[in-house]
Amino acid sequence: MSANWGKNIELSIFGESHGEAIGIIIGNLPAGLKLDYELINKEMKRRAPGQNQLSTSRVETDGYDIMSGVLNGVTTGAPLCAMIKNTSQHSKDYEELKAKMRPGHSDYPAFVKFKGYNDVRGGGMFSGRLTAPIVFAGAIAKQILKDKGIEIGAHILSIHNVLDDHFGIEPEFYALRDQLYPVINKDIFKDMEECIVEAKKKGDSVGGKIECAITGVPAGIGAPFFDSLESHLATLLWSIPAVKSVSFGDLDDITLLNGSEANDAYYYDQETVKTKTNHNGGVLGGISNGMPIVFTVGIKPTASISIPQDTVDVRNKTNTTLKIGGRHDPCIVPRAVVVVEAMAALGILDMLK
Amino acid sequence: MSANWGKNIELSIFGESHGEAIGIIIGNLPAGLKLDYELINKEMKRRAPGQNQLSTSRVETDGYDIMSGVLNGVTTGAPLCAMIKNTSQHSKDYEELKAKMRPGHSDYPAFVKFKGYNDVRGGGMFSGRLTAPIVFAGAIAKQILKDKGIEIGAHILSIHNVLDDHFGIEPEFYALRDQLYPVINKDIFKDMEECIVEAKKKGDSVGGKIECAITGVPAGIGAPFFDSLESHLATLLWSIPAVKSVSFGDLDDITLLNGSEANDAYYYDQETVKTKTNHNGGVLGGISNGMPIVFTVGIKPTASISIPQDTVDVRNKTNTTLKIGGRHDPCIVPRAVVVVEAMAALGILDMLK
Amino acid sequence: MSANWGKNIELSIFGESHGEAIGIIIGNLPAGLKLDYELINKEMKRRAPGQNQLSTSRVETDGYDIMSGVLNGVTTGAPLCAMIKNTSQHSKDYEELKAKMRPGHSDYPAFVKFKGYNDVRGGGMFSGRLTAPIVFAGAIAKQILKDKGIEIGAHILSIHNVLDDHFGIEPEFYALRDQLYPVINKDIFKDMEECIVEAKKKGDSVGGKIECAITGVPAGIGAPFFDSLESHLATLLWSIPAVKSVSFGDLDDITLLNGSEANDAYYYDQETVKTKTNHNGGVLGGISNGMPIVFTVGIKPTASISIPQDTVDVRNKTNTTLKIGGRHDPCIVPRAVVVVEAMAALGILDMLK
Amino acid sequence: MSANWGKNIELSIFGESHGEAIGIIIGNLPAGLKLDYELINKEMKRRAPGQNQLSTSRVETDGYDIMSGVLNGVTTGAPLCAMIKNTSQHSKDYEELKAKMRPGHSDYPAFVKFKGYNDVRGGGMFSGRLTAPIVFAGAIAKQILKDKGIEIGAHILSIHNVLDDHFGIEPEFYALRDQLYPVINKDIFKDMEECIVEAKKKGDSVGGKIECAITGVPAGIGAPFFDSLESHLATLLWSIPAVKSVSFGDLDDITLLNGSEANDAYYYDQETVKTKTNHNGGVLGGISNGMPIVFTVGIKPTASISIPQDTVDVRNKTNTTLKIGGRHDPCIVPRAVVVVEAMAALGILDMLK
């Protein structure tokens, strides 16, 4: 597994679901930053499971310990290592999972890549739990960005076929922040909830989309050819488990427009150049144009379902059927909102420095 | 502009549309490869404009000179530098373009980033012409991959709202290879053509989607967390001008499925583990699972249109209207097919080494 | 501070001398490696201080905890995080050190870079203690290399002006391995010891050189122009605190030879191409030639001395004098031998993959 | 061969001695820089051979063409590609060189690495000629640095056993700049010249050392652990052919000092913190301390000599003797001075951005 990322801000992530701990090292942080623990804790809580019927029943407190890089609450400039102990794992029998490959999961490619030595308990290094340290790092990135006038917000754009509204031309995050699982059209959330509960009843799962906006990014960030703003963010977004699509712009599908519609017309708002629409999501030629960066991430339905599935047994080299027990998260989209925001924050911070 | 890319295979790209030349350096190529010039030339031709009424009338022969790395047609192991002289550029007046920012183009963010010093003639460093060296490099990558049993093919999945079929579970490239602009459902291409011609008549443009498949990639390629197969390819795909979305899988939208449908069931085909469907596009947990890698790239409608557009004059800091003259490519999707294939080839090659 | 390194094997290091813990993440390790804990422990002990009168009296047990990447003693392919708790630190008053910059230490440049926020206790992130996780990682690298027939050994080439012999044309490590502080000419070590004790008595310190050899590296490793074997190793060697010089070859100074002496003549030893001398240290044109890789690292005298020194007080912006209390390591060269070996192992492993 | 380097400023180099051309791409250059062609030309001339009896008789005009990145003499922000056509090569028979490995040259490791496909004519990709594009890039880096108050100078510290003085505590470059081959003690150069001519007469060669200083670098540049200033520069310095050692500091060997001598005492010079000596070469803990960066590079005697040498014939797998014809550069140290300066400039520029 590749642990390291970043040209300026450096990330290195470690951990397996049922190992000793998971965690992250953040290198090249500025010294002298007084950490906003309230923000960190709030963000960690947004990701944590077990908060209501929509998510897995595993309770993760996600209490973190900072092992380095902070003295008296202020960054020292040394790499900040944050660690989250694994406490809640059940030592149930994972023998079946070493043989029967769960469809839609990483089991089989991991079995091949790691020659059967990977820790399959709880998904091992592929566990969604590894997004907890990302959210921790993202909270710090958000704090640094906020001081530069850059803010990040995201909402559930869809659960299955239940659709929220898109961000408007000037995304507002205020209303999103009082919602555990933010949507723009608050009326729609109960339909989303229903859709999730429905899937859960059947032992099935649903996916959805998350729309994220970054406001306050000055024009001129990102560089063609190989360091476009989109490339930079996409690398991080595709590190999030279950992400299957990324698109930039404030529409469902810009390819259905004509050029005359897709081209965002410029105008001067006082001294500032703005566009009347933001179908290009604040990026042109790989460079920010000063408008909000807007993108959408598609997340597939949770692979863990309790409906029996056809699969293979790699130990016996036979075809077989698998029924996964336990209670699963029927939709990870709500909890993934803060993860997407974290990746956006880290990606932009890395480009700004 | 960022020129360099790659951990194993190294790319470095240069050039501006109306400068002396464009080109590419490819580092870490294996020595002893007898170049397949026929393949290179065929691929270069697939990208070249001016071949029919669908594309810009600028004739680019795209004749390349190899400046290093090849002796008697065989790679030496030194970086291969290929150069394409710029010959056909018109030295028309570009003063207006330095002041009036074309909507949907990189003009304004580039103006900010490069403080007005970027070469605006023909789009400068943002010109689609820079994809020619990519196609050159991609042809070499394809040749190397073919020797490893890996093949790459792509087709136009849609032009505006005209849709081609998706690849089947076992993508076949043979039929695509005799088509300049490949589609699976050959009947549909005349509708696509019509759609493009229609847009052209109005001085407008259309976009579309390209579906690409890579067959023969063994299971186990790609690594979580930060070097997922998707992240690796996405970086390159988002270096292609006008790309606005990337999604993995053989469907339009996997988020509309339930988990029980999205999970590709495994079975043994003799000794080989396969999946019955390929909705995950051959990647799970960031690692290839042995099935064809399938992804779709969305390309926005060409920003160059001849319909007058509202914009700003950054010299006078006023609002204004711009009418772009000349003949534009009303749809770059057909010519972008080979570019997407090239990026896929380069991305996979970089991961394989 | 920059935490991350590596193209193939990935390292990320964290910690400060008096923080909670120090540690390292090692990414992209092969799965299925049964860790040789005996080797790890032996290597850790070689680096640990407090073993005799030659080193600092701080006792560091350097007990490590493996937080991830290992299951039942076997690597899983996930990043391996090893952590060493900081236990022995004295919470003495470090206020003086925040104001008075110790000459020869990183205090002043760190004060500027980190704006006074860096943790000065025990040297903070600059502490030699951070070489403990490097030695841990190096032990694993050595184990992997040994399976490929590659071995690494080093000895104290000099302490101050007391000189050991150079490695011969075929370096032998066997005899070195039973020595805590290895030298080739065993008679010389008591002179070295005397030299160190002499310095210690005066409250002063001495430096020296370490010669390292790597045997079994096949010809063809390393690549011109920018990834020469020397560049690759030098990056790591210059991450070791107090290293001031690196030279390749089995001589003190190859620039004093004529070309006819410096050119190592080739001959066939059965089927194998060898050189009669190894003045180029097994590297030509940035690529290994199959002979042992031999290089020497120069380490300056320990900056911590108890003799009063002229310096500045950055709080009062005045000139002042500083007398550093406590017992210092009068020569870190002996303990640095295993650190140099570790870096050599990590550097070669990163190039081999 | 690895072509690419750089985190901020990006370099990519190509070419072989007797191929079509050599050149370099420089990415991420600032836009709006009016190139100082006089400086570039002067620097190129300093490196060019054939200027007097001390160097090879091959006349290289090293006229460069800029293919991109510059418009009307001003950088556009696009990658700058500079190309130097190869014109003067003799198409003499190189068959012998493909079989008989020249001692001290890269021939044998390159033969193994590139399986015999590398271009051996004139040294191919290993030719010292590839330093010409480096000098070109270095001249631009120097120009940018000069605007930031940073200057770079170097001199021949030794030829064989003939020694120049070291830089003083405040290196002065003015006097060096009127010398084609700069030395501080001008009386010594005729001894150096004599030493070179003597070697030449015998068909032999000599090496030497180059001392380089960088003034005006502010305190705080470079970062522990893995991006120390020394590591950053060393990577580039070890890309220069024939470099065998690098040491930091203004002494021949800091390991011969006691700590009380090696520690550079601080004092306030008005508001500025300075050191009374600069034995640490302006770097402590991997970070600049505001004093001049001073380092020395050791260059081995030219491998090309006309004295017969023992070697192997890899075609016949036999031992043999080789006599290299032609006129060789008996000492490349004088011409390497500007190359070392160029690498220093590029390394510092990459860290500053």
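A, B, C and D are the chain letters, set down in written order, and residue numbers restart from 1 in every chain.
Heads up, the rule we're going with is that a contact is a pair of C-beta atoms (placed from the backbone, for glycine too) under 8 Å apart; a residue touches a chain by one contact, two chains touch by 3 or more.
Just so it is clear, the model here is predicted, and its values are computed rather than measured.
K.L.:
Out of A-B, B-C or A-C, which pair touches the same way C-D does, with over half the contact pairs the same?
P.N.:
Comparing residue numbers across A-B, B-C or A-C, the repeat of C-D turns out to be A-B.
K.L.:
Select the chain at the greatest separation from chain A, using centres from the mean of Cα atoms.
P.N.:
Computed centres place D farthest from chain A.
K.L.:
Give the chain pair, either B-D or A-D, that is connected by more C-beta contacts.
P.N.:
So, comparing the two chain pairs, more contacts are at B-D.
K.L.:
How many Å are there between the centre of chain A and the centre of chain D, using C-alpha atoms for each centre?
P.N.:
Between these chains, centre-to-centre, one finds 46 Å.
K.L.:
Using CA atom averages as chain centres, what separation in Å is found between chain B and chain D?
P.N.:
39
K.L.:
What are the residues of chain D that contact at least two other chains?
P.N.:
Each of 1-4, 13, 28, 110, 113, 125, 223 in chain D touches at least two other chains.
K.L.:
Quick check on the complex: what are the chain D residues that touch chain B?
P.N.:
Where chain D meets chain B, its residues are 1-4, 6, 10, 12-16, 19-23, 25-28, 31-32, 65-69, 71, 74-81, 83, 110, 113-119, 124-125.
K.L.:
How about chain B: which of its residues touch chain A in the complex?
P.N.:
1-5, 11, 13, 101-110, 112-113, 125-126, 130, 158, 160-161, 199, 202, 204-209, 218-220, 222-228, 230-231, 234-236, 238-239, 241, 243-249, 253-268, 271, 273, 275-276, 280-281, 283-290, 298-305, 307, 309-312, 314, 317-319
K.L.:
State the interface residues of chain B toward chain C in the complex, per the touch definition above.
P.N.:
7, 28, 223
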